[in-house]
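Heads up, the thing below is written out as structure tokens.
Each chain gets a letter, A, B, C, D and E, in the order it is written, and its residues are counted from 1.
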Amino acid sequence: MRIIGLLIVIAFGSLLRYGVFFFPEWGDPASPPSLHVSPHYIEEAIAETAVPNLVTAVLADYRGYDTMFETTVIFAAGLACFMLLRVLQRQVPECRLYRHIPTGITLRIEKGGKLPTESGSFERIDSNWVPHDLIIKSTSRFITPFLQIFALYVIAHGHHSPGGGFQGGVILGAAVIMYAISYDLRRSIQRIGEQATAVLGSAGVLIYAGTGALCMVLGAAFLDYGALAGLLGVDPVMARSHGMLIVEIGVGIAVSAVMVWIYYNLSSAGRHDEGL
Amino acid sequence: MGVELFSDIASKYNYLGVVILMMIGLYAMIAKNNLVKKIIGMNIFQTAIILFYVSTAAKRGATIPIIRHGHNGHGHEVIHAAEYINPLPHVLMLTAIVVSVATLGVALALAVKVYHQYGTLEEDEIRGQLRNK
Amino acid sequence: MIWELDFIILTLVIFSGIAAITVKDLLSAAILFGAYSFMMCLLWAIMGAVDVAFTEATVGAGVSTVFFVAAVFHTTRDSKD
Amino acid sequence: MNTILSLKPLLAVLTSLLAVPGIILSRSPNVREGWTFAAALAKFGIVVSMIPMVLSGVRLEYTLAEVLPGLGITFRVDAFGMLFAVVASSLWIVTSAYSIGYMRGLQEHSQTRYFCFFALALSATLGVAFAGNLFTLYLFYEALSFATYPLVTHHQDREARSSGRKYLFYILGGSIAFVLPAMLVAYHLTGTLDFTPRGFMGGIESKSTLLVLLLLFVFGFAKAGIMPMHSWLPAAMVAPTPVSALLHAVAVVKVGAFCVVRIITGVFGTDLLAAFHFDTLICVIASVTILTSSLIALTQDELKRRLAFSTIGQLSYIVLGVALLSQAGMTGGMLHIAMHAFGKITLFFCAGAIFVATGIKHISGMVGIGRRMPVTMGAFFLGSLSVIGLPPAGGFISKWHLVLGTVQAHQYAMLVVLLASSLLNAAYFLPIVYRAFFCAPGEAMFENRIAEAPVWCLAPLVVTAVGSVVLFFYPQPFLRLAALAVQTMTGGG
Amino acid sequence: MENLSPHFPALIIIVPLIAALLTSAAGWLNRRLCFHFAALGLFTSLLVSTGLLASVLDKDVILYRLGGWPAPWGILYRIDRLNGLVLVVIFFIAFLNLIANKRTVEESFPEQLGGFYALYVLFVTGLSGMVATGDAFNLYVLLEISSLTGYALIGIGHERAPLAGLNYLFMGTIGASLYLLGIGFLYLMTGSLNMTDIASLLPGFYGSPVMVLAFLLCMTGLFIKMALFPLHAWLPNAYSFSPSASIGVIAPLTTKVMIYVMIRMTFDVFTPDFSFKMMHLGEVMVWLAVAAIIMGSLFALAQTRLKRMLTYVIIAEVGYMVGGFWLGNRMAVTGAVLHILNDAVMTLCIFLAAGAVVYQICGDDFEDLKGLFRKMPISMAAFTVAALSLIGVPPTCGFFSKWYLISGGIAAGHYGFVVALLFSSLVNAVLFFRIIEIGYFEPFSEGEGGHGVHHGPPAMEIREAPAGMLACLLLAAVSLIVLGIYTGDIVTRIIDLAIPPAI
């Protein structure tokens, strides 16, 4: 296998290497990609959409349809992980570990066992629990709000600076994931349940598709945000900018929710019991 | 010829990097035995393609594709295409990155499932188990 | 765009890529993959693709690595190759 | 010759198809058989009602659907098709009656399925008879193969399965591997598949192409049983006897022969064959089959197998007759479709009746049986006369024309073949009759009290036996149809 | 709102997308609604696509600017006769299979109904989007949607399904990435992503090796995805272990849509001139297809399980279409396009029948099928019709596409292809009659040789499949014959006009 692989790879590589001879020089301002379609974006985007970040303008407007499916891809991945991994039959784990908070004694309860009656001061812990996690917990408690605010900023400010729905959404999701890692998965799921992630995931994509469909209802083409001008009370160019913001928010919601969803399923192998 | 070749390499070394990364990724996918290694290889392969696209966007003497003093379209100076890097491949590659992470998620989910089924991530061991059955 | 820097990072990317697929321990491989992604992100930032770099930093170096680690924790760290 | 649009051919094909739901949904066997008879009679009526028009030189045509540009499911009734349709539809009535007697007599299972596929097979047979182009012919040819498979394997035991395999292997293999490519090449070369009285391949110059196509067609229509594509036929005799009777003496094998004749006349055309001297080639192929199969038939002890090999030989008479390309030869070949059908079906009916009454399959067990079953064996005698070609049976008429045809075509070698094979026919049939009547029955015969088969079995075989005698004295309907067909095909007066 | 018909091209994709999202949400809120959302979405799309086909028949080409941007800058949907037809087929099959498998889905995934149906509808969305789009990169995104959902739909099966799904994912990702790279090469040379735009710029680069590479990369990627012979290894495992409900839509559609995409790429992006005349690829491809047909048929012969055997038949069928297409003459291309349509419906029918059998007898070993005609007559009748169509017996539709393909082979003088087609027909006959024979004959004991076997009550209580499944199965079987009879119309009114005159 190794040798076959090597041969295939070398054949493939030399074929591509041969092709590279005929490429335009790297960074050549006169190469076709720089001359054909992109100049329109660079020169007209600001006049047509009022968004200075060209990537956002192209992403959410000119090629907004691609982006809608990009979000759908993420959503599909979330669904796929859910379908593949999630174990919904409630099964009692082999053993559970409980820690008595005041004393720090760990109780190991075998399958089917019950917790002592005065269970108020017990907390369930993961099997790979480490006692000295104060620094991690405090740091994450400290960082999480900033992370979330930054994520919102990235989503909202994507028009003017690098960033946008995806990046912001991933950061927002990462904040939750960090919480789940530093505390434990059960607590995170208590806060943001699986149902919430799943429904928010579809809601986010639905915001995107719904915005597009609204434009269609208003008589323009699908995703032609200019049609929203009347609804938003601004001129069509600004309406495009606002429309992009709406869909970016949708993307942000969907991406963050789905990232968390995938993490839940992946980190507990679908049992939503013990995470990392 | 040698000089020509060298100057060709010098002016296109980025594309060569792409080719090398693709070879690495493809090799891992074909020849590696471990499923997670294959998945890593797959991701390297995908990022190599992303690098290729990003390289096509590069433009000497241009800056990042965010219009300066262009707030709300009031800065009425003429914008020259040569001043900014081509944004289109960037957009495409945002999509490609997202696709690759989605694929990664599904691949890992499948790998975890395979592990739970066979107790191993090595392909030859799995194949051996299947043959014995 | 500084080509020297670009070239150095490209070399680093390639090396971390090779390292990620050759190291025996899967957890190390996951972390090396994170490093690879981060280098890649730097490379793109240098090439002016700020949005792509940003995305790669969050998605590639961030979430992907977490996914890898999560999967490795649920399977095994050992690998024969 | 004028052509008129008419729904009748379609109706004739569809009648038995339409009876299928009725057969399936019938609650009692009597209602089911009622449907079968109704369809059989209706079909015969429709077919007969077209005879006068066909005889007056009108061609009835109907296109069901244009499935490919310029190529449709087209029915066109000409004299030759008519001749075959009359034979098939008239014998269906008789066979239906016989089936009832046979199937009930033996208490066979799955009778509904049997009658259902029986009806389907008849639809397909008429479809072949009325096909207006090669494509339609192929369509119904294939349909017939599939409709008869459940009939051949009716017993659903091990023997039936292996015979079924052989049957499909030859028939389907021949049609897919030989006929289909040949048809496509023909279409590619000429741009049409419509049968014309003088053939549509006239434009092709290349002798080798024509030769390959001709051979592909002749051997591809494996139902015609031309050696070496014949060995499915004896195997298929495991089927219930009415199936063997109707399908393997009348419908299936005759469809094969019919197709070959169509290819010779409607696709290649007599002029073309004569021009390239392919007629001799086909004659040789046919005569080899005739002689070989007759010799094999002599060695068979199982009655139905002997009849099967006899059928193989008789089919090649038809091919031989048409390939002679002489007026009388072609007439004889076509007539033989009808004459042989009546004769052979009688023989099969008799074999079945003997089996129903005694359970005997082998000729060696039939010594002296004529005394117990005089009617059956009498009919058997008439049937064998017809097949051998002796008066006063219809077979004489067709064989007479065939012999005349060889003389007309100056193919004296073929004349020898015909006469030799007639002798062989006599050699393998007449001893059966002789021993049945004039030899003392064996020990087993005395112990069981054997009588004639039930009346449902007996009546049909009497009818067909009488039919073949009547055809000797009154062959006009078939003769006129055959003569008309030959006239249009050869263009001569 | 008054008149939505100009928006049809967008609606065919948007409606199932939104339906999928609602289905998924309904899975968490009210599980009973899932099926209704999914079915409604697909049915609406079926109606819309039919309307679209009707209007494209007199309008030639319908363009739709998504986001209102003109062509090279925005994304364009381009519906012509050909993909209008393919779209109808996609939704017809997806809808029928959904209805047929309602019961099996409810039994296999009682808690995850929403997830399953959402994946299902998203899969169909991806496929239809790929067919409709006029933008090379948009095609990639939609390809990934259908692939990702496809991996999941396969991976949720039993036995070796997860492993097979993972292998499929690796192969699929390589395929999609190669396609992406090919598009990247095209973009590097032309600077455009719009198919028509690329095609118009292409003549300037006809000689360039980069173009050749781009073409090879795109095609290789698609060949992997469509499982053309040497690249087919992922398919049999992936298809034979997945649930009936998913395979009923994946098997008929994936490979066929990929072949359509190949046709689209060669016609609309690389132009027939380049693809057929400059590449000199035709001969190689046809021989590959011949190999695919022969190897697929031979492998199929070696199988002892029904679904697995069918997967190899699919591989052979891919060879039909690829070979027909690369013969490059009008007859053969017509055959290839017609076969996309016919093979999709045939595969649907045969997999539905196999699904019904598997559902009733819980197994698909040939041994399990004994005496099935008596127990499940209607399902087996439909199976027989589909089998006849796969063998190529008139008047089922399989015959007619084979007719065109063979005629094309004869016209091109490529007798290897003709022989391969006939060989595969014969092998199919053997394959399917082997099964029909097993199903037709009751289990009989070894010693018994005589006739008139008496039949006791069947050992297992096996009954006919549920009514919904049967209805869909019969509809599929009937449509095989209807398609066959209307071949003439389909060819003259749709396919003939859709194939570029250059061929």
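Throughout what follows, a residue touches a chain if its C-beta (ideal position, glycine included) is under 8 Å from a C-beta of that chain, and two chains touch if they have at least 3 such contacts.
What you see is a predicted model; the values in this text were computed from it and never measured.
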item	value
Steps needed, at minimum, to go from chain B to chain D via contacts	2
Touching both chain A and chain C (chains)	B
Those chains which touch chain D and also touch chain C	none
Distance-maximising chain from chain D - centres being C-alpha averages	C
Winner on C-beta contact pairs when B-C is weighed against A-E	A-E
Whole-Å separation of chain centres (CA-atom averages), chain A against chain E	32
Inter-centroid spacing, chain E versus chain B (mean Cα positions, whole Å)	30
Length of the line joining the C-alpha centres of chain D and chain E, rounded to whole Å	43
Distance between the centres, which are taken as Cα means, of chain B and chain A, whole angstrom	18
Of all residues in chain E, the ones touching two or more other chains	137, 141, 144, 148, 151-152, 155, 162, 165, 187-188, 193
Residues of chain C touching at least two other chains	1, 50-51, 55, 59, 63, 67, 70-71, 74
Residues within chain A bordering two or more other chains	16, 21, 23, 27, 31, 33-34, 37-38, 41, 53, 55, 59, 63, 66, 70, 73, 76-77, 80, 84, 162, 166, 262, 266, 269
Touching chain combinations (by label order)	A-B, A-C, A-E, B-C, B-E, D-E
Complex interface listing, chain C residues touching chain B	1, 6-7, 10, 13-14, 17-18, 20-21, 26, 29-30, 33, 36-37, 40, 43-44, 47-52, 55-56, 59-60, 63-64, 67-68, 70-72, 74-76, 79-81
Residue ranges of chain A in contact with chain E within the complex	15-16, 18-19, 21-24, 31-38, 40-41, 61-66, 68-70, 72-73, 75-77, 79-80, 82-84, 86, 88, 195, 198-199, 201-203, 205-206, 209-210, 212-213, 216-217, 220-226
Chain E-facing residues of chain B, complex	22, 26, 29, 35, 38, 42, 45-46, 49, 52-53, 56, 88-89, 92, 95-96, 99, 102-103, 106-107, 109-111, 113-114, 117-118, 126, 130
In the complex, chain D residues that touch chain E	65-69, 71-73, 106-109, 135, 138-139, 142-143, 146, 150, 153, 155-161, 164-165, 168, 172-173, 176-177, 180-181, 184-185, 187-188, 238
Residue ranges of chain E in contact with chain A within the complex	1, 4, 7, 10, 14, 17-18, 21-22, 24-25, 27-29, 64-69, 72-75, 109, 111-112, 115-116, 118-119, 122, 125, 129, 135, 137-138, 141-142, 144-145, 148-149, 151-152, 155-156, 162, 165, 185, 187-193, 197, 201, 208-210, 213, 216
